[in-house]
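Below are two complexes that have subunit A in common, paired first with subunit B and then with subunit C.
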Partner chain A sequence: MTRRHAASLLRWLWLGAVVVVVAFPVYATVVTALLPPTDVAAGRLVPRPDRLTLDNVRTVLGTAPLAQQYLVSVAVTALQAAAQLTTAALAAYALVFPRWRGRGVAFALVLATLAFPGESLVIPNFQLVSGLGLRDTVLGIVIPYLAAGYAVFLLRQAFLALPREVWEAARMDGCGDLRALVLVVLPMARPQLVTAAMWCALSAWNGYFWPLLITDSPQRRTIQVGLAQLVVDQVTAPAVIYAGTLLVLLPTLLLVLFGQRFLVRGLAARVTT
Partner chain B sequence: MVLPCVGLLLVFAYWPVVRGVVLSLYGNDLLGDPTRFVGLDQYAELFTDPELRRALLTTVVIAGLSVLLSVGGALAAVLPLRRAARRPRAVVSVLLSMPFAYSAAASAAVFAGLFAPAVGTLNQVLAHLGVTGPEWLRSPEWAILSVSIATAWYEFGFAFLVLLAAMTQLDQHVIEAAALDGASGPRLARSVIIPMLRPSLIFLLVTQTISGLQVFTQVQVLTRGGPADATSTLVFELYQRAFGEALPHVGSASALAVVLLLLVLLITAIQFRVLRRWA
Partner chain C sequence: MSTFPSSLPPRARLRARVAAGCLTTALALTLTACGGSDGGSDDGKAADAAPGPSALDGAKNAVTVTLWHGLGGPAGQALQNEIDAFNKANAGKIVVKASFQGSYADAIAKYTSAIRSGGTPSVMISNDITSGYLRDAGQTVSAQDMAAANPKDLDLDKLRPAARNYYTADGKLLAVPLNTSMPLLYVNDKLLDRAKVDRSTLGTLTGVAEAARKVHAALPDVKGIDQPLDGWWFEQLTAAAGVPYCTPDNGRKSGGATALSLTSAAQRSAFGIMAKLYTDGVGLDTGDDGNAALSAFAAGKTAMMFNSSGAIGGLTEAGMKGYSALPYPLSGSPSTAGAAIGGAAMWVDRAGHSAAEQVAGWKLVSYLASPEAQERFAKASGYAPINTDVDNSSTWKAFLAQHEPYAVLGKQFADTPATTATSGCLSGAMPGVREAVVPEMQQAFSGKKSIDSALKAAQDAATAKIKDYREQAGQ
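Right after this comes the complex of A and B.
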């Protein structure tokens, strides 16, 4: 009995150590962001309720055009995720339900792009998007990412699991392809649609390399690029950096806390294929 | 209906690959325009140019260290969680999945605050414990380690979520049978549970290695490739050559892009072969 207790104690000590190491940066972002900057710079990190302050958040909003950058990021996320879901739903429908020659090739073409590292495509895309006159615009940020292989992959899997008879019945009743997709297929695949939407939104919100390249003026950059600039400007005030990070993190933190069930479904789909 | 998607991918994914290969064959002329045909010279630079050789080595070191730390760490966290009671397990799981909520830029920003010279939070805390912390970002060796740690922390959340999901789906009967046969503790983990987690582990090793090879944000935010180019990676070199200098070298940056693409495709192909052999 005592041996089991000792093993259990050891296990919890180990887990405690892992939690301390992994959660420390989170603690820095969420708690010390709300402490006076001088306390943080001196390493006094234990929060006392009477010392909590929004000073750092105020400094962040005062030094960087973070409010505008927030709006840019929201617009980019909404546009990009909506476009990816639309193009992916159309493509996945065409790949699953109607039978036509070349659909295997089309799917292979889409799937292969999952293996392309985005960084290796930026130079020609930069020339192309600049040539279109879209540098420093929201449209320029989203245009290379209006279609995404991963979303097609997720929705195709979801559609494959649906009963084909329902679609056939809808077609027999004279339902067109678009109506069949919107009124019959998508409502049945709602959980996977949420999963795909979350992954699309997450990657749009988190994008860094491309938005950094294609935007120039501070007020037209995304919040991620703005945060990197904040780090340069505030290198002597970690508390301000943490406050800025907290602002950037807030939406995705909520997504991970409350949408984890959906996100994990997307992971499982990737591992097993 | 498949046209919008395939069309967009052809324009913004396939065409850039072709165009990138063409660009990589041209060097700058006297005016700085990429018009001079040089064949494969810019690929040869990868082996002859000391700057590039170093960047390649740095990339491999950072990718290797961060994969080891993130996947190893996630495994070491998930294994003891298996037998924990329901509620503490839920609390620990939420805490350990937090890094996943961070973007690359957000995680790099936090570590910039933790590692900052003079006022860095980590060294301040260490000072309270009576320990003098290292110059995280200012000595070449520590800087590579710091970038790797920041990258590993960022990757940890994803690895932990994948392994946690895999763990909850394990066949409990097999584990119980092994336990009845007398396997317990480390032995049970090594000869029963880890083999059962193998598909997820392979998936993680591959995806994390690939994203390790692409590491850029942590480098750009934490060190800008310094000190003295010690943390400059493949993608950071690409960025510097194509976008960071007054006189861009689009050709040699494109050669780096093609090399990156080939490396990633190679790893993906190996993954498929290995998985097929097991299936």
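Right after this comes the complex of A and C.
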């Protein structure tokens, strides 16, 4: 065997190992969610096709507030991701195209927000949202997260890589800032825009601690909080917990599967800029 | 109870740790804010006089009581059933809205946030180790005061002394226990018989250690004992040795705890006995997870196990038969030593809550601690009833006759002397103390560190946590 073949074999082996490590938890979740509880108790992880069932998923959806909590999560994700994307695009545009004094400092301040752990902001946010009378509302969950430093950073790097001449030409032709952003800049940065949208959506969907803190009624809580209660309530029925996990995981999986082209391209573009 | 956090999946435990970190960060700010106010009845720190029945009688509309808790599964359902029954019995007068707030750590983190914005619940159910923090936060009215102002409701003399002792400081009951667990020794009857172990030797720690060695020598494939290596168990070894975990007086007197004690001769001996079992390969290391210890015991990998009384339910679910539950063994004098309780208690909030709401909250607490509610709750959840009148119930006696392990738990609970040692350490720094102690002890039990240096290091690290906490709280 030549050295090149050996290297190639090693690379494939390594890739295979990584795939197994990454894919196994997902596989175990899907299979366990679709097996009857008796098979799960017996530790069977290779399912017999005739024994697959949707009973566990039905049990989860039948658990009173979970379907409602799913809708709350969808609303929170849509609102939060849209708001973050809008504020990030506007901020990144302002940081890249118009030249003004202090934009370096402004960007440094945006970056500095990434250094604060989210937990340290919980109490001031709680006070603010309670003060606004938005406790136990969807808006209350979303309002502290209308802007995200990481999304600004991602889009700023993307905009920096764009040919400035195109923007200048548009401006010379009388295009205003907002039109230049929407019609010229954003279409050119589409891969990174999709990456940022996915990042915003995933972080909104996966939020747990803040939605738990700011909501009290089960029907206004997000699915992640509902899943935490499901784990405690159904501790003796792991198949039901996995079915709940599968339902929560599904949008994330779909987003990554359909968006991975943009995700990789967007992240790579950021790195090479 | 110790098995609750450790029974959570890794992700939830990570969340619990994040929440605990958040709580620690928030403590300084919150306690400083609380300490700054000497308050009236509805604002700031709790004043002295507790409201009586007239406050509720004067309410024009139905009074709403909010309740936060961290109970899930059968216990959560049993609690909700009791609340539904209370609401029905008090229709038109009191409406209780209960809300699950995640794990105990999540719930207390939310409570900490709510203090600053004035949005605490009327009644907070919080776990054992948060008692010191809740006392220091000064948001609540003591159970002692509420009982004195409302003599027709809960009679505090009916509370089991060991549980009452845990939630008492300066001779005053702070909160009313709701769900109480205790540590027990579980033995696999068949394995013990095969190794010819005499059960009468299992009342002391040395007797249990000798039995563990005997089992492992007779049956080399079987380990002698396992236990979850989490913070609760080092507190139990200390209480069973009859000495305080923190000084002075387990933080029960005015001034509070200033240091952790791990290096007394009694502790050195008890910790040393257990650590040696592990370093000699007689003990099975299953980490800090109570469920992992339970699974190993249920699978016959170990002949004995220390675990919370909550494990009785787990063993039943695992289909285990042929085991016995025995009292937690002592290494100190039976007159002062014993097991410390775990579980959670009900705190009535005063700051920001009307007098009528406080009295309505106390009515709910009294109902949940009543013998009838406690009997139903104990049967459904597996916790030990905290009202001594339950002992006289014929249906409870019939239940115990059919469920031997619960009878052992009940007897241990009743027999535990209410002493300084069994009261456990009352300090707002307890979550941090556990974080400091557990890693050092795990190193000692795995043989990576000598027991003496581990105990000294854990004592120093935990004392530093207590000092930091006191400084932040302005004590």
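Everything that follows uses one rule, which is that the second predicted complex is superposed on the first by the 233 of 273 C-alpha atoms of A that agree within 3 Å, B and C clash if a C-alpha of one lies under 4 Å from a C-alpha of the other, contacts with A are read in each partner's own complex, and residues count from 1 in each chain.
Keep in mind that, in the parts below, a residue touches a chain if its C-beta (ideal position, glycine included) is under 8 Å from a C-beta of that chain, and two chains touch if they have at least 3 such contacts.
All values reported here derive from a predicted model rather than from experimental measurement.
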Combined model on subunit A: subunit C and subunit B, fit or clash: clash
Subunit B versus subunit C as contact partner of A:Ala189, first or second or both or neither: neither
First (subunit B), second (subunit C), both or neither touched by A:Ile123: both
Partner chain(s) touched by A:Ser217 [first = subunit B, second = subunit C, both, neither]: second
Subunit A residues touched by each partner, larger count belonging to subunit B or subunit C: B
Which of subunit B and subunit C A:Val225 touches, first, second, both or neither: both
Contacts of A:Val19 with subunit B and subunit C, given as first, second, both or neither: first
Partner chain(s) touched by A:Ala147 [first = subunit B, second = subunit C, both, neither]: first
Partner chain in contact with A:Tyr208 - subunit B first, subunit C second, else both or neither: both
Subunit B versus subunit C as contact partner of A:Ala237, first or second or both or neither: first
First (subunit B), second (subunit C), both or neither touched by A:Ala180: neither
Stretch of subunit B, among 9-17, 27-35, 63-71 or 153-161, that runs into subunit C once the two complexes are superposed: 27-35
Set intersection of subunit A contacts, subunit C complex versus subunit B complex: 119-120, 122-123, 126-127, 208-209, 212-213, 225, 228, 231, 235-236
Partner subunit B, residues of subunit A touching it in the complex: 7, 11-12, 14-15, 18-19, 22-26, 28-29, 32, 40-43, 45, 86-88, 90-91, 93-95, 103, 106, 109-110, 113, 115-128, 143-147, 149, 152, 177, 181, 205-206, 208-209, 212-213, 224-225, 227-228, 230-231, 235-239, 241-242, 244-245, 248-249, 252-253, 255-257, 260, 263-264, 267-268, 270-272
Subunit A-facing residues of subunit B, complex: 1-2, 4-6, 8-17, 19-20, 23, 73, 76-77, 80-81, 83-84, 92, 94-114, 116-121, 123-125, 127-128, 153, 156, 161-162, 165-166, 169, 185, 199-200, 203, 210, 213-214, 216-217, 220-221, 235, 238-239, 242-243, 250, 253-254, 257-258, 260-261, 264-265, 268
Complex interface listing, subunit A residues touching subunit C: 119-120, 122-123, 126-127, 130-131, 135, 208-209, 212-213, 216-218, 225, 228-229, 231-236
In the complex with subunit A, residue positions of subunit C that touch it: 7-9, 12, 15, 18-19, 21-22, 25-26, 29-30, 66, 72-73, 76-77, 97, 99-103, 106, 109-110, 112-114, 116-119, 317
